[in-house]
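Below are structures written as C-alpha cells.
First chain A sits with chain B, and in the next complex the same chain sits with chain C.
Let's look at the complex of A and B:
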C-alpha cells in the first residue's frame, strides 16, 4: 500500500507557481546587476573613443595651457598617457618581481605545512593583509621607502605598496590551486624516489601551472587600477621616467589628475576606457591560460 | 648452489609495529617474509593494516606525520630503515589503487619519469629503449606506440594503470608493491593486469594488497591474512585457502566478515 498524504498532491499547482515566480525574480536580479556594467562600458566607449589615437599612447600628458587651447578651439586635446603607461608598467613589473616569487613560495609552504601552527598563523596573517585598506599600505610604503630609502617619492615606493597588495592574492590562489592536486600524484612522485624539492618544482608547479598563472594575472589586474597607495608613494610625474628612485606617474594617477583639471575632462574618459580594456584583457588572458594548461 | 632457504626471501619483516597515533597500532608485531620471484597477497578486511604494511616496505608510510615505527624490514638482508629513502624506493617500486600518471607529462615522459625526477641523465637512445621495453613488459606498447607524445591522462583507466606499472618497472626494481591495483578498474582491465602480474613475477618480486579474495586465490603464490593490525596467518596460497589454521582466517575466507 502506498501511503498518500494530502500535502503531497494538493499543492502541486501552487508550488509550480511559486517556483516560476522565484525563477523570474532571480532572472530579474541578474539583469539589474548587468545593466550598470553595460552602462559603464558604453559610456566610456562613447566619450573616450574620440581621444584615442597614436599620440595618446606615445606622448606624455599635456599641460593645462595646451589642453585649454585645444578645448577652447574645439580640437582634440594633444598628448596622451605615455608617462602613466610607462610608470604603471614599471611599477607593476617591479611589484611582480617582489611578489610573485615570495607569494608562490609562501603559498606552497602553507599548503605543504597547512596543519602546523606557524603555517596557520601565516595563513591568517595573509587574510588580514588582504583586508587592509590600500591607502594604509600606501602609508606604510611611505614610511618605509619614501622616508628612509629613496628619501622622496619614488617608483620603488609605489612598487612596494603594490607588491604588498599582490602578496595575499598570490598566496591564497597558490594554496588553493595546490589543494586541488590529488594526493596520489604526490605519492607517485615520492614512490619513484623523487627528492622533496624536485617533487615541488617538477610535479606540483607544472601540474598546477594554469592555476598559479591565473592567480598571478588576476593579482596584476587587481593592482593595475590601484590609485590610493600610489598617491602617497609614486606621487605622479609629468614626464616619462624609468628611474625607480624618482617619482613616476601611473594610469590611475593620471585619471585623477585629468579629473582635477577642467580642461582635460575628455582625457578622463579615454584614460579610463584604456585602463578598463587593459584590465579586462588581463582577465581574458588569465582565462585562456587557465584553460590551455589545465591538468587538474 | 645455495641451499639456505633464507636467500630465497627478498623481504624479511621482523616484529614490525606501526602507530599513526601513540599507542594505536595499525600494524602490530608482524613477522613475515616475501619470497623472490613470487606474488605475495596481503588480504584482510578494511582497516586491518594491510596497506600500512605494504607502504612500510618502501617507507611510504613515513609521509604521514607523527608516525611511529618499531621492528625492522630487511631487503636482501639489509635494513630498509638504514638505507636512504631514495635508494630504497628505486629498489622497491609502487603502484597505487587509482591510476596516477603525471598529468603534465606525455606517455613517454611518464615511463622515464623515475629517471628525470632523479636527475639521471640518459641518452635519447637509452631512453627510447627503456620506454619501449617497459611498455612491452606491460603489454601496452602496441596500443600506444603511435601516441607516445600524448598526455598519459588520455588513456583509459586500465591503460593508465599499466602505464603506472611501466613507470615503476622502468627503474628495474627488485620488488614491486601493488596497493589494490585493480580496485578502480573494470573486469576486462582487471584481468589484463592480473595476466601481466603473472608475467612480471618472472623478473620481479610482487607484493599485492587486495580485498578481492578470488583475485588473491587466482594469482598469488603466498598469502598473508591480517586482522586488526596483526598477521593472523601466512603461507602458500593453496594451503591457506583450503586448510586455514586460524578460525578467523576461515571466517574471513567464507565471507563471515570483511
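Let's look at the complex of A and C:
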C-alpha cells in the first residue's frame, strides 16, 4: 500500500516536537507582525506629544524661518496645522457631496438589478476602480480639473480625486449591506402596494442605515490620510483658504511639507500623530456604528 | 407611478456615471500618453534612460517598472510569513478566542495608518536602525521601502487568508485528526491544500496594493532614476517617480509621466483581475 503521509508513520515523539515547534513559530510570527503597530503608535505619541497645544489647532503652519528660530533657541515651534485642517475638511466635505449620493444610488442600482449583464459589468468596473492606485486618480483630476476647469491647482481638483476614491468603496458597501436585508421585508412592502421609490426611501435605506453609515465613515477615513493625489491637485497653501478654485493645504500635505523642511521635524511628529489618531478614531467609530445598531 | 419612473431613471443614471468615469479615466490616460509613445515608440517601455535636459530629452520607463516590480515582490516575500502565521493564529490555533479578536483588530489598525505616516516613521525610526546594522550607508533603498511596504500590506493578506482558512470544513480536519494526525500535519495536509487558491489570491491582491503604494515608497526608496543595482541600492518606482516629478513637469516629460501612470494602471488592473478571478473560482 502506498503511504500517503510518510510523516505520519514516523516516530510519534518527533511528530509531537515538530507540532509544538510549528505552533510556537506561528505565535512568534504573529507577535512580530503586531510589533510595528506598537512601535509606530509609541514613537509618534512620545515625540509628537510635545507640540500638541491649542495653537497647533488654531494657527496656520509657520514658515521655515520661524521654525528655525524656535529650534535654535530650544523652544517648541510656533504655529500649527489650521490651514491643513480647514483644507482637509473642505475637500472631504466636497468629495462626500459628490460621492455619497452617487455611490448610494449606484450601489442600490447594482443590488436591484444584480442579475442583468449591465449591472454585473458596472460591478466589475467598480472593482477595477477600487484597485486603481490613488496617484493615478491624482493625474486624472489634474487632467480634468486643474487643466480644464480651474486652470490651476485647486481644492476642487483635490476633491474630485478623493471623490473618485470614495465612490467604489461606498458602492460596494451599499450593495453588500442591502444584500443582508431579508427578502421578506421587501415582499411585505410590495404586498402592501408600496410604490418602488417609497420602498427604497422608507424601507431599504432606513433598515440598512447603520451599514450605510459604516461604509461612508470607512470611506472617509480612507481618504483623510491620502497624500499622493493631493500633491498633483490641491498642491498646498500656507494660508487658510476656503476658495474651491484656489490651492489649499491638507493635513497630509502639511506632513509632506514639514518632512521636506529640516527645521520642521518636530511638527511632523505632531501632525503625523494627529492624523493617525484622527483616522484611527474614525475607523473605530465606523466599526462601533456597525456593531451597535444591527437592525438586520 | 411617475415617482417610480424617476427613481429608476435616477438609479440608472448614477450607474451610468460609473461607466463614463471609468471610460474617461482610460481615455484620458491613453490620450495623455500618446505624445510619449509617438516619440519613443515601444522603446519607452524597454529603455531605462531618463534624461529631462531640454534638447536631448530621453524618457524610458524600464527603471521604474523594475523598481516597482522588485520592491513589491520583495515586500510580498517579507509579508508572506507574517500574514501566514497571523491568519493561522486567528483562524486556526486561537479561532474564536478573545486573543484572536484582539490580534485581528491590531492587524486591522495597520491598514488604517496613512501611507505618509508609514513613510515618515520609516524615515526617522526604521532607517537609523538599518544604518546601524552596517548593511547600508544612508538607509534609503529597495530593502527599506519593501520592509515598510510589507508591513502596510500585511492586513490585506491576513484578513482574506484568515477568512478562507476559517471556511475549511471541520469534517475534513476532524477526519485527519481521527487518523492520528497532529495539528501541524492537519494544517499542512488538509487546511492548506483545500484553502490554497484562496490564500494565493489573498497574496496576489496584497501585491496589487503594494504596486500602487506611493508616499511611503517615495520617502524611503532614495529616488534614483536607475534600475536598482542591489537590495540596498536606491531606485524609484512608477508611483514614486510620478509623485516626485509631476509637479514640475510639462510637455513631453508630463506625457512620459502620464504614460507611466497608464502602465501602472494596466499592471495593477491585471494583478487585481487575476486575484479576483482565483477568488471567484474558489467561491
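General observations
As a working rule, the second predicted complex is superposed on the first by the 270 of 296 C-alpha atoms of A that agree within 3 Å, B and C clash if a C-alpha of one lies under 4 Å from a C-alpha of the other, contacts with A are read in each partner's own complex, and residues count from 1 in each chain.
One rule holds in what follows: contacts are C-beta pairs under 8 Å (C-beta built on N, C-alpha and C of every residue); 3 or more make two chains touch, one makes a residue touch a chain.
Predicted model only: the values in this text are computed from it and were never measured.
In the superposed model, A:259 makes contact with chain C only, not with chain B. Within the superposed three-chain arrangement, the count of touched residues of chain A is higher for C, of the candidates chain B and chain C. Of the two partner chains, both chain B and chain C are touched by A:195. By the touch criterion stated above, A:110 is placed in contact with chain C alone, chain B being left untouched.
By the document's definition of touching, of the two partners only chain B reaches A:182; chain C does not. Judged by the touch definition given at the top, the superposed model places A:206 against chain B, while chain C stays out of reach.
In the superposition on chain A, A:23 makes contact with chain C only, while chain B stays out of contact range. Once the two complexes are laid over each other on the shared chain, residue contacts for A:68 go to neither chain B nor chain C.
Contact with chain C, but none with chain B, is seen for A:33 once the two complexes are overlaid on the shared chain. Overlap of the chain B and chain C interfaces on chain A comprises residues 195, 198. Put simply, chain A touches chain B in their complex at residues 115, 182, 184-185, 187-195, 198-199, 202-203, 206-207, 209, 295-296. Those residues of chain B that touch chain A in the shared complex are 58, 60, 63, 65, 85-90, 93-94, 96-98, 100-104, 113-114, 116-119, 151, 153, 164, 167-168, 171. Those residues of chain C lying in contact with chain A across their complex are 1, 3-4, 6-8, 10-12, 14-15, 17-19, 21-22, 24-25, 28-29, 32, 81-86, 88-89, 93, 103, 106-110, 112-121, 123-125, 151, 154, 158, 179-185, 187, 189, 208, 211-215, 219, 239, 242-243, 246-247, 257-258, 261, 264-265, 268-269, 272-273, 276.
Across the complex, chain A meets chain C through its residues 5, 7-8, 15-16, 18-19, 22-23, 25-30, 32-34, 36-37, 39-40, 43-44, 101-102, 105-106, 108-110, 112, 118-119, 122, 125-129, 131-136, 138-140, 142-144, 164, 167, 171, 195-198, 200, 221, 224-228, 231-232, 235, 252, 255-256, 259, 265, 268, 272, 275-276, 279-280, 283.
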